[in-house]
Structure formats: structure tokens, C-alpha cells
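Two complexes are shown next, each including chain A; its partner changes from chain B in the first to chain C in the second.
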Partner chain A sequence: MSSVGLIARDEWRALLRNRAGLLASGLLVLLVLVASFTSLERRVAIEADRERYQASVDEQFDQQPDRHPHRMVHYGQFVFRPIAPLAFFDTGVDSYTGNTIFLEGHRQNSANFAEARQSSLLMRFGQLTPAFVLQTLAPLLLIFLGFASISRERERGTLRLMAAQGVAARQVMQGKLLAHGVIALVIGLPAFLVLGGFAATGAASWAAVLPMIGGYAAWLLLWAVLGVILSAVLRRSRDVLAVLIGLWMVGVILLPRALPVAAEARTQLDTNIETEIALHREVAEIGDSHDPDDPYFNDFRQRVLDEYGVESVEDLPVQYAGLVSIEGERLTTGIYADAAERSRAREDAQNALVHDFSLISPLIAIRQLSMTLAGSDLAAHYDFLQQTEAFRYDFVQRLNRMQAELIPGIGGEDPRISAEYWQDIPRFHYQAPSPFDRPSDLIWPAAVLLGWLAALSVLAVWASRRLERNLR
Partner chain B sequence: MSPLRAEARLLLRSGRNLFAVILLLMLTSAAVWSGLVQMDAQRATIERVEREQTRDLAAVEAAQAGPKGEAGYNAYYAFMLTQDPPPALAFAAIGQRDLQPFVLRIRALGLEAQRYDSENYNAELALPGVFDWAFVLIYLAPLVIIALTHDMVTAEREAGRLRLLLSLPGSGLWRRRTGLRYALVLAALALPLITGAIIAGAPVAGTFGIMLAAALYCAFWFGLALLIGAALRASATAAAAMIGCWIVPTLVIPTLGNAAIAGAIPAGKGIDLTLAQREVVHKGWDIPKEETFEPFFVNHPEWRGKEEFEGRFHWKWYYAMHQVGDETVAQDVADYRGALTARDKWTSRLGLILPGVGTMNVMHRLADTDSTAGFAYQDSIAAYHERLRKFYYPYMFNDKAFTRADFAQIPRYTSRVPGGSLPAGSLVALLLAAALFLWLGARKVTRVSSARDSRPKDD
Partner chain C sequence: MAQGTAEPAIELAGVQHSYGTAPVLRGLDLSVQRGEIYALLGGNGAGKSTTLSALLGFIAPSSGSVRVCGIDPVSDPRGARAQMAYVPENVSLYDHLTARENIAYFLALAGHDTGASVIEPALGAVGLDSQAWDRRMSGFSKGMRQKVAIALALARDVPVLLLDEPTSGLDPRAVLEFNGLLDTARERQVAVLMVTHDLVSAVDIADRIGFLTAGRIEEEQQAGEGARFDLNALHDRYAGTGQAI
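Right, the complex of A and B next:
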């Protein structure tokens, strides 16, 4: 066996004798399994709940009696966001975004009942998912297992002994890297098996699972390699431990919390209230359909009359008020879309600032990669909002057209159209977005993780040269 | 030179210790500054919204109120602002204020379709949790304490000085060393906090309460650090063991607890009540008017006899219908609140055994930024909603014109008085934990002094 292999084997043996290390590793594996199990169970429950709710509100919509279509515009439709299959592995921002929206005419309601708003402060400690265990806790375990890998040999004098026996520092370094790299992958293995099993049953696609496994493998390797390098560079084990814990603290805990403050200070979001008020003002500026002298709506009326080739509103074959509703919905929806776009651009600017720091704190990279592949990232939430908004516009306009076209034929004081028409109104069918729709959300974090690994490899070469010099 | 001063010089001469204390001071200052900035931003947002709101209301007044004005239209178009400005101490413990709306507009329509609306926040920024003084205390201060104390005993042993130190006359060596470190950590935590409290004009009692909780929490960690530091032989092992002790109660158990609480206490009633309320309100259009007025009169008997009107529509019926919608789901509303309160209660219980969670509970209760504060804001919105609709009813049921003078009389929301309080139970639990671990740690350290020899043993 090569000396690299021997050194690695020796390291594994030493770690197997370390009872605290074994216990911690066992606990971590247990935690991954518990997290997978509870999170999977939770996902199934949420999915069932939302399916049940969606089915029941869809049925209720069908069961509404004969009505004026405008009443149905305000009866509206509730939509529930189905949960992505891999969201059990990484809940991402899912708990922080609302998962149900009430859709009605000329209003854009907020997505409500986010889990975070229904939880106590305890939730801010983190959510138990395999992603949390791998992102936050596993690096700590790797630090504990690896911090003394080379410094221990130095402190005991065995490093010199090896050098005297003709083992090059490079080989020591490679052996330790091999040992701890394998350990990192072994620690990730239970989670990878869960992911693989999930993909094997067809519940998630391999296309999402494999890069996820790759990303986490890179993330774990990164910590193992970092630990070995620092253990080679610093003189005392406890200094290695202090520096590694410090790096973990800053990169995994501190920066992710502190950066949002900077992002929020630089780019502020408008409140929904301001958006609402601005919308009303903009609509009022366009025109007032009730004002007989309003230029915009006079123009609109003239266009309608020309289109139907009639002289007055009374001669129209359709209900004019219905056409005004269609026009009004078109106008408000456009303004809402602009506001949503502005808001989204600001949130993107905020998040971009945080993402830039993934160069310093690769946690941000693995978090983004993982959320995106799991379909629980902010972009997936936006996609849901866009789908609901498109759906809302469509069904509201269908009802408005029913009003314009059917009401004139009914007349009377309380004109209602048959409940059968509600069947013609489409129901919301969510199209889960593919994480590969936005390649930059995947390429950048992947590049950052690989870049870190590459940089650490260079550092490892430098560290082994330095070790060599020091041993001579 | 007094022994204490000598110890202080010894302590600060070590680059690592000095670095740890200065780092803590810097982090605490940054956190206080960040908390102040975030709370100022919330105040600025409230002011901005209030300005917009004034313009909006003026437009509604111009369009709707007047000699021929109808209360129904005014009530429909006049959204009224409620706001929950940050309490003075919120800068130290922001809690859920980044997620829970602190401005919400309400009108006299059904409350249950309005009160759960969310405000705009960036979910990805909210995900890691807030950066404030409470975070530095609960997560980071223990690590600084570990850095300062893990080798207090072992370093002497490793340097071969332990036997000599123990044989010196005089007592209180470990007490001096621990006390000194404790005082430094507390100072690094307290100075920025007190500065922030003065800037924010925070109440003295609340600031003192938060500092007391912090002092107990730190005492607990010092006790634990003494216990482990004296029990283990090598500095590196001691440090590793202490960090292990930090991970489990700050990272592992809270997430397990949260998962268990969320699983055991579902909060689906919020959606149920929203759906049920919609059905009732919209069914109102398809049933005889008496079927709406009768349940309405149960809680509003003063309007009985005034329900008659001609035609298909009258505002009094419309608003009665919305109110009946709210009242029909009252049980669901209570259940929903019950579930959220139960989640909070179990968090408090977990805090009785986990000092980190306990400290978090105490501080956010004192700062009035926890779930209880959120419930109080919700309740004040509900009370205001009642005032609002009851203000409009006389105009509608008596068919009275809604003039500009009446518009000026529309009740305005007054922000609730911040209700920070001291949760005695959690504080006592914290005190007991601190006392227990200090005692255990002290006992262990004394045993080191009297019995064990200082033969270095590698492990």
C-alpha cells in the first residue's frame, strides 16, 4: 500500500478510537434521518392539506347558485401553492412565504398564512431539515474530526518521525486529505441515500437530485479540506480549532444574518399599502368611468360604439358596464404588474448583494443551489405569484365578458346568469417551474463552490510545501 | 499590586483573550447599531405610510363625503391605518417584527378577510433570522465565554504551573479569574446595550431586566465552562467538548422542538376560517334579508326594527352581512388563536429547560416583540374594527347623510401601549440553571485545587 493510503488508513483508525467523534458522527447521522423523516412527513401532510383545500374550494365554486357574474368576480377563487417534492429536503423560503392567495377582481391580495407568522420565535433558531443539518451542523462535525489531523502528529512528534522514515510532507497532506475527504462524503452519505431513494421512486428527478448531491458533496469536502490545511499550517491544535470555529461562526451564522441588514439599508421595499394607494391614484389619473365628461372613458366609449357600429350605449348588443369592467381590469392589472415588477427588482437587488458575498461565505452558495434545486427558492415563489396573477386576470375577464355578453339578454332588476356557466371558468392548475429555467441561479453557486474547492487545492499544495520546509 | 489587578493584566496580556473580548464588544456594538437602524427604518416606513394615507383619505373624503354622502360608500373606500411602532427596546430584541406586519389598513368590511394579510418583506432576507443584540447574546456570547475559559485550568496544567499555583497561599484564585472574565463579558455586552437604550429612550426597568437575563445566561455558561474545563485534561479537548455543549442546546434541540411543536399543534384553522367567512358573506346575497339581519341583531339588538328598506340593496344590510360573516367564524377564530397561543406556550415551556430559549423568551417579552406582542396588535385591530363599524351603523340604519364633518369624526386607530412584561417563571428557571451550573462548576474547580495532582497526561 502506498504511504498516502497508509496514512489515510491510520487516520481512520485513530478516528475510530475517538469515542466522542464516533458518538457525534452517529448523532449527526441520526439527526439527518430524523430530519428526513419528520420533514418528509410534514411535506406529505402539507401536500395533502393543500390538495384537499384546493379541491374543496374548486367544488364550492361550482356549487355557487345563479348569480350576476360580477358577484363571482368578488366571490373569487382561492389558490393553494402545491409544495415541491424536494422541499422536504430543503424547505427554503417556503415557510416564510404565504402559500394561499385569494384571487378576485381588481385587487391583488397578499399570499397569506406563512408558517413563520404562525410560529413562535423558536422557528428563528432554524428548521429541522436535512439541508439544515448538512449546511449548519455537518461542517462543525467535520471541524471536530479534522482540526487535529496534522497538528496532533506535530504535537506528538510523530510528524518528524514520519519525515525521518522518508515520508514526504506532501504524502502526509494527501493521506490526511484523502482520509477526511472520504469522511466528509461518508457523513453526507445518509442524506445522499435519502435523496437517491427519493429519485429512484420517481418522486423527484435525477436531474435535480444529482446536482444537489454534488453541491453538498462539494460543501462538505470544502470543510474537510479547510480543516486539514489549517491543521497543517497552524502550530497548535487548539489554534486550529479556534480559527475553524471562528470561520464557521462568521461564514455560517454571522454573515447570513448580518448581510440582510446591509441589503435592506441599501434598497428599501415599498409596503403593500403604498402600492395600493399609488394604484388608486394612478387609476384615478387615467380616468373616472362614472364621470360623463371624462376624456379617457369618452374616448373608450367612442371606440366601443365605432366597433359595434352603433350611435349610443343603449344600442349596444352588449352591456357597456361589462366592457368598462373589462377595460378597468386591464388597466389595474397593468399597474399591479408594474408594481410587482418594481418590488421584485428591489428584492432581487437585495438578494444579489447577499449572493455576492457567497465568495466569502460559501454557505450562501450552497443554500441558493439547494433551494433552487429543491424548488423552494424565492424565484419559485415568484413563479407561483405570476401564475396566480395570470390565472386571476383570465378568470376575472371571462366573468366580465359573461357580464357584457349575457346580462343584456336577461335584464330585470336582479339579473343573474345560470350557475352552469361557473363550470366554464377554469380552475387553477399549478405548473411547477423547473429549476433549470433560471440557469444563473444554479451556475453561480456551483461555480462559487467549485472555485472554493479549487482555491483550497492550491492552498493545500502551498501548505504541504510549507510543512515540508518546516520539517527539514 | 492587588491579586485582582494582577489577574487582569495576565488575562489581557494574552492576545487571544483580548481579541475575544474586543470582538464581542464590536459584535455587540454592531448588533445594537443594526437593531437601531432596523427599528428606525420601521418608524420611517410608518411615517411614509401615514403621509400617503393622509393623502388617500383626503381623496376619499373629497369624492365621497358631503351633503349627499353615504356612510356606506365612505366606509367602503376609507381604509383606515393601524400601526404598531417598534417599542423602545425592540432594537435589542427584534423578534418577529421583521415578519409580522406593523402597518395594516382596515375598513368596516369583514375583519377576518383583512386581518391576516401580510406585508411586503423579502423572504430570503428573513430566512436566516434577524441580526440584533439578542442574537449576539444567545449565539455568540457563549462562544466568547468558551474562548476565555476553556483553558483556565488546563493551560496551567499544560504549562506545568498548576501544582505551583495551587500550593500558593491565599484563596479565591479561580473565583478571581472567573469573576474577572465574567465582568469583562458582561461589560462588553452591557455598554453597547445601555448606549442603545439611551439613544432609543428605552425604559430603565426593561433595560435592566434584559441585562439581568443576559447576566444569568452568561453565568450559566461560565458555570458549564468551569465544569467542563476542570473535568478535562487537555485544552483542545475541553474546547471541543464545550462547543459540543453549545451546539446541542442552541442549534439542535430548538429545531427539534420547533418541528415537534409545529407537528403536534396544527394551525390550519386560519385557512378554514377565511374560507368559511367567504361562504357566509357571499351566501348573504342569495338568501332573504331577514336571515342576515336576525343573527346580526343577536349582538346588535339596538338596530332591531330599523332593518326595512326598499329595493335590493342597502348598505346597512351589506355591512350587517359582513359582520355576520365574522361572527359565524368566531369559534374558528378562537381556535386559530388558541393554536398559535399553544405553540407559544410550549416554546415557553421549552425555555424552562433550555437557557438559550428561556433567555430568548424573557428578552423578547421584555422588549414586547414576541408572539404575545403580535397577538396584542391583532386584538387592538379587532377592537378598533368594532369601533369603526359601530361608528358607521347609526348613519346607515338612520339613513343619515355622511358629510365632511362626519368624515372628520371617523375614529382613528391609536397605537397600543407597548406591553413589555417580565416573565417571572422563565427568569426563575434561568436563575436556577445559572445557580446550579455555577455551583457544579465551582465544586469541580475546588476539587482540582485540593485533590488532583498536575501530572500532565496526554489525551
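Right, the complex of A and C next:
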């Protein structure tokens, strides 16, 4: 066996004979498995609830009696977003964004019932998911296993003894990197097996699972390599540990939490109340369709009369109020869409600032990669909002057209149309987007992680040369 | 003793080396023949450990030449180290390994055979109780660790042995056993360079003793049978210069 292989094998042997290290590794593996199981269970329970609630509200909608269509516009529909298959592994922003929307006429409602808002305060510090364990806790274990990998050899004098046997510092470095690289992958293995098993059953696609495994492997390798390099560069093990813990605290705990606060300070979002007031103001500025002197709706009425070639609204073959509803919905939808676009642009600016810092804190990169592949990122949430809004607009306008076209033929003081009409309205079917629809959300974080590994490889070469010089 | 036969196994000629601006070796001349035991004595900072580092190729002297069995350890460190076994001063080895595993590991790193036929005679030769051979070294005393390190050096079966304070921490009986081992090495024509503070032990076992002061050999004396030393005078002389032995 080569010197590199011998050094790696001895490092594994040392770990296997170290009860504290084994216990910590075992606990982390257990934590990954427990997190996978509980997260999967939670997903199954939420999905069952979602299906039950969706079926229930659909049934109630279908059971509505013959009515005026505008009553149905305000009766509205609840839609529930199905949880992406891999969201059990990484819940991403799902816990905060909500997964239920009430769709009705004249307004866009925001998503409700976010898990974090429904749960205890503890929940807001992050769910116990396999992603949380791999992103936050696994680096800590890798630090404890690797911080003394080379500095301990120097402190004991075994590094000189190894060199005296003809082993080059480069080989020591390679052996330790091999050992701790494999340890990092073994620590990730239970999670990788869970992901692989999920893909093997067809519950998730290999196309999403394999890059996710690759991303987490790179993330774990990064910490293992960093530990070995610092252990070679710094003279005392306690210094290595202090620096690594400091880097973990800043890169994994502090920056990912401080950056959103900084982004919020730089690009502030309006509060819900401010948004509501602004929207009401903009809607009011369009005009009042009930005001006979309203300039916008007077123009609109004239355009309708000209289009149908009649003199008064009473001569129209359709109900004028229905046409006003169609026009009003078009206008208010435009106002809400513009507001949503502005809000999203601000959120995108906030996120861009955070993502720029992934160069410093690669946790941001692995988190983005993981959330995107899991279908639990902010883009997936926006996609849900867009799909529901498109559905809402179509749903409301269908009812408005029913009002315009069917009510004139019915007449009476309380005109109603058959319930069969809304029973025939297509239901909302969420089409989950593919993570590969947004390649930049995958390429950038993958490039950051690979860039870190490449930079650390260069650093490892420099560190091994420095180690060779410092053998004296 | 087989002094003055052929090319020296260890040879340092006019070696100078500084750490930063502080000179440590100032024209060191030293040679050790095969089958000779050379004790290098000197106080703290005299340059003893730097001499070993130069032989091991850990440092590149600023001038002068270093040869181990004719090989320059700076230009060919692997080749030179293949000719040497080294026992460091503070032998720690690996606590998670047994004595046997430690020797096997370092022998494997040196590219040597790690079979029981190589390791067991070496462990037997240093007098380590056979019951301790397969015990983890975490419970070993300093003397036991020293024996394992020396066993490793013996198992290497190389022509040059470098020993850094080999008797430090050994009890009197272990020192006697160790001296016996060095006699065996001498018989095998091994060149031994022993760096030590222990003048008495050096007088007992060495063929020549070199007194290193401020980076050069200030005085060299033949030792061994028949040689006479005024230990008190030597001690006073070197202790008096601030180079406590």
C-alpha cells in the first residue's frame, strides 16, 4: 500500500478506536435518520391533510346551489399547494411562505397557513430536517474529527518520525485529505441513501437527487479539506479548533442570519397594511362604475355601446354590469400584478445581496442548491403564486362572462344560473416547476461550491509545501 | 570499533546554518564510521538537534556539505532517509495503536517488510515484555515507549542510527539494556550518532565523544575501554561556558 493509503488507513483506524469520535459520528447518523423519518412523516401527514381539505372545499364548491354568478365570485375557492417530493429533505422557505390561498374576485390574497406561523417559537429556529443536520451540524462534527489531523502529529513528534521514514509532507497531506474526505462522505452517506432510496422508489427524480447528493458531498468535503489544511498551517491543535469554530460560527450561523437583516435594511419591503392601503388607493383611482359621472366608466360604457351598435345599456344583448365586472377585474388584476411585480423585484434585490455573499459563506450556496432541487425555494413559491393567480383570473372572468351572457336571458329580481355551470369550471391543478427551468439557481451555487473546493485544493498544495519547510 | 576504514557513514563538513539571523551551526565538522558510536554532547542551543535535522534533510544548510552513506539528504532526502533510522527525543508514537502496530505502521511507511519475523525480534531485542507487544501504547511508560521507538529503529536494519537523547527517561536497568543494544548495533557495523546531555552514559558506551559548543565541535575525545575522563573537569568546563551538559 502507498504511503498515502497507509496514512489514510491509520486515520480511519484512529477514528474507529476513538470512542468519543465514534459516539459523535453515530449520533449524527442517528440524527440524519430521525430527521429523515420525522420529516417524511410530517410531509405525508401534511399531504394527507391537504388532499382532504382540497377534496372538502371542492365538494362544498360543487354543492353550491343555483346562484347569481357574482355570488360565486365572492364565494371563491381555496387551493392548496402540494408539497414537492424532496421538500421532506429540505423544507426550504415552505415553512414560512404558506401553502394555501383563498382565490376570489377583485383581489389577490397572499398565501396563508405557513407552518412557522402555526407552530411554536422553537420552530422558527429551523426544523429538524436532514438538510439542517447536513448544513449546520455535520460541519461541526467534521471540525472535531479533523482539526488535529496534522497538528497532533506535529505536537507528538510523529510527523518528524514519519518524515524520517521517507514520507514527504505532500504524502502526509494527501493521506489526511483522503482520510477526512472519505469520513465526510461516510457522514453524509445515510442522508445520501435516504435520497437514493426515495429516487429508487420513483417518489423523486434521479435528475434532482443526484445533483443534491453531489452538492452536499461538496459541502461536506469542503469542511473536511478546510480542517486538514488549517491543521497543517497552524502549529497548535487548540488554535486550529478555535479558528475552525470561529469560521463555522460566522459562515454557518452568523452570516446567513445577518445578511437577510442587512438586505432588508437596504431594500425595505412594504408591510401588509401599507401594501393594502396603496392598492386600495390605486383601485380607487381607476374610478367608480356605480358613479354615473365617472369619466373612465363613462368612456367604457360608450366603447361598449359603440361595439354593439346600440344606444343604451338596456339595448345590449349582454348584461352591462357583467361587462363592468370583467373590465373591473382586468384593471384590478393589473394593479395587483404590478404591485406583486414590484414587491418581487425588491425581494429579488434582497436575495441577490444574500446570494452575493455565498462566495464568503458557501452555506448560502448549498442552501440555495438544496432548496431549488427540493422544490422548496422562493422561486417555487412564486411559481405557485403565479399559477394560482392565472387560475384565479380565469375562474373569476369565467363567472363574470356567465353573468354578462346568461343573466339577460333569465330576468327577474333574483336571477340565478344553474349550479352545473360552476361545477364544470376546471379545478386548480398545480404543475410543479422543474428545478432545471431556472438553471442559474443551480449553476451559481454549484459553481460557488466547486470554486471553494478548487481554491482549497490550491491552498492544500501551498500548505503541504509549507509543512515540508516546517518539518525542521 | 571500525573507525577509519572506508568512507564515513555520516559526514558533515564545514556546515553552517542559521535560524533567521541567529547562527546555530558555525562550520561543523563531524564524521562517524560504520561500526562506530559517536556521542555528541552539548548544552541547550549548542546545535545538537539542528545537526540531526541536517542529517535527516529537514533543513538545508547555508554552506558546507552533509552526506549519509554518500547521499546528500538535501538533494535526495528519501534516499538518505532510507539509510537512516531515527529515534526522536520525546517518543510519543500513537496511543491508539499497539507496540506491534506502531512498528508495523512506520515500517510500512518506510517501505519495509512488516511481518512478525521482522518486528518480534526487534521488540525482543529491546527487552520489552512480550505481554506488552499487543497492548495499546496509551498505558506505556516513557521507558517502554523509548524501547518501542528503538525497536522500530532496529527493525529498519539500516546502516545509520540517529538517536536524540535516547536514555532520557530510562531507568538505570533500561540504560544498561540500551547500552547492550548499541553494542549489538556496533557489531552489525551500524554507525550510531547519539545526541545526549548524559556525559556518564556517553562515556560508558561511545567510541568517540564530541563536545559541541556554539555550533562547532570544540573538543573531541576517544572513549571506550582504556580511555580516561575527568568527568568533573569536563562538566565544569562546559557548564562554566553556560553550555550546561
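Following the convention adopted for this analysis, the second predicted complex is superposed on the first by the 470 of 472 C-alpha atoms of A that agree within 3 Å, B and C clash if a C-alpha of one lies under 4 Å from a C-alpha of the other, contacts with A are read in each partner's own complex, and residues count from 1 in each chain.
Throughout what follows, a contact is a pair of C-beta atoms (placed from the backbone, for glycine too) under 8 Å apart; a residue touches a chain by one contact, two chains touch by 3 or more.
Remember, predicted model here, so these are calculated numbers, not experimental data.
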item	value
Three-chain arrangement built on chain A, chain B and chain C clash or fit	fit
Partner chain(s) touched by A:431 [first = chain B, second = chain C, both, neither]	neither
Which of chain B and chain C A:440 touches, first, second, both or neither	neither
Chain B versus chain C as contact partner of A:271, first or second or both or neither	first
Contacts of A:413 with chain B and chain C, given as first, second, both or neither	first
First (chain B), second (chain C), both or neither touched by A:158	second
Contacts of A:354 with chain B and chain C, given as first, second, both or neither	first
Chain A-centred angle between chain C and chain B, computed on Cα centres after superposition, in steps of 10 °	90
First (chain B), second (chain C), both or neither touched by A:201	neither
First (chain B), second (chain C), both or neither touched by A:312	neither
Partner contacting more residues of chain A (chain B vs chain C)	B
Three-chain overlay, closest Cα atoms of chain B and chain C, distance in Å	7
Doubly contacted chain A residues - partners chain C and chain B	156
Touch list for chain A against partner chain B, complex	20, 24, 31, 34, 38-39, 41-42, 49, 53, 56-57, 60, 64-65, 67, 71, 74-76, 78, 92-93, 96-98, 100, 102, 109-128, 132, 136-137, 140, 144, 147-148, 156, 236-238, 241-242, 245, 249, 253-254, 256-258, 260-261, 263-265, 268-278, 280-281, 284, 343, 347, 350-351, 354, 377-378, 381, 413-414
Complex contact set, residues of chain B against chain A	16, 27, 30, 34, 37-38, 41, 45, 48-49, 52-53, 55-56, 59, 79, 81, 95-96, 99-100, 103-105, 113, 116-131, 135, 139-140, 143, 147, 151, 235-236, 239-241, 243-244, 247, 250-252, 254-259, 261-263, 267-268, 270-271, 274-275, 278-279, 282, 285-286, 312, 339-340, 343-344, 346-347, 350, 357, 360-361, 364, 370-371, 458
Chain C-touching residues of chain A, taken from the complex the two chains share	1, 3, 6-7, 10, 13-14, 17-18, 156-158, 160-168, 471-472
Interface residues, chain C side, partner chain A - complex	53, 56, 58-59, 77-78, 81-82, 84-86, 88-94, 96-97, 105-111, 136, 149
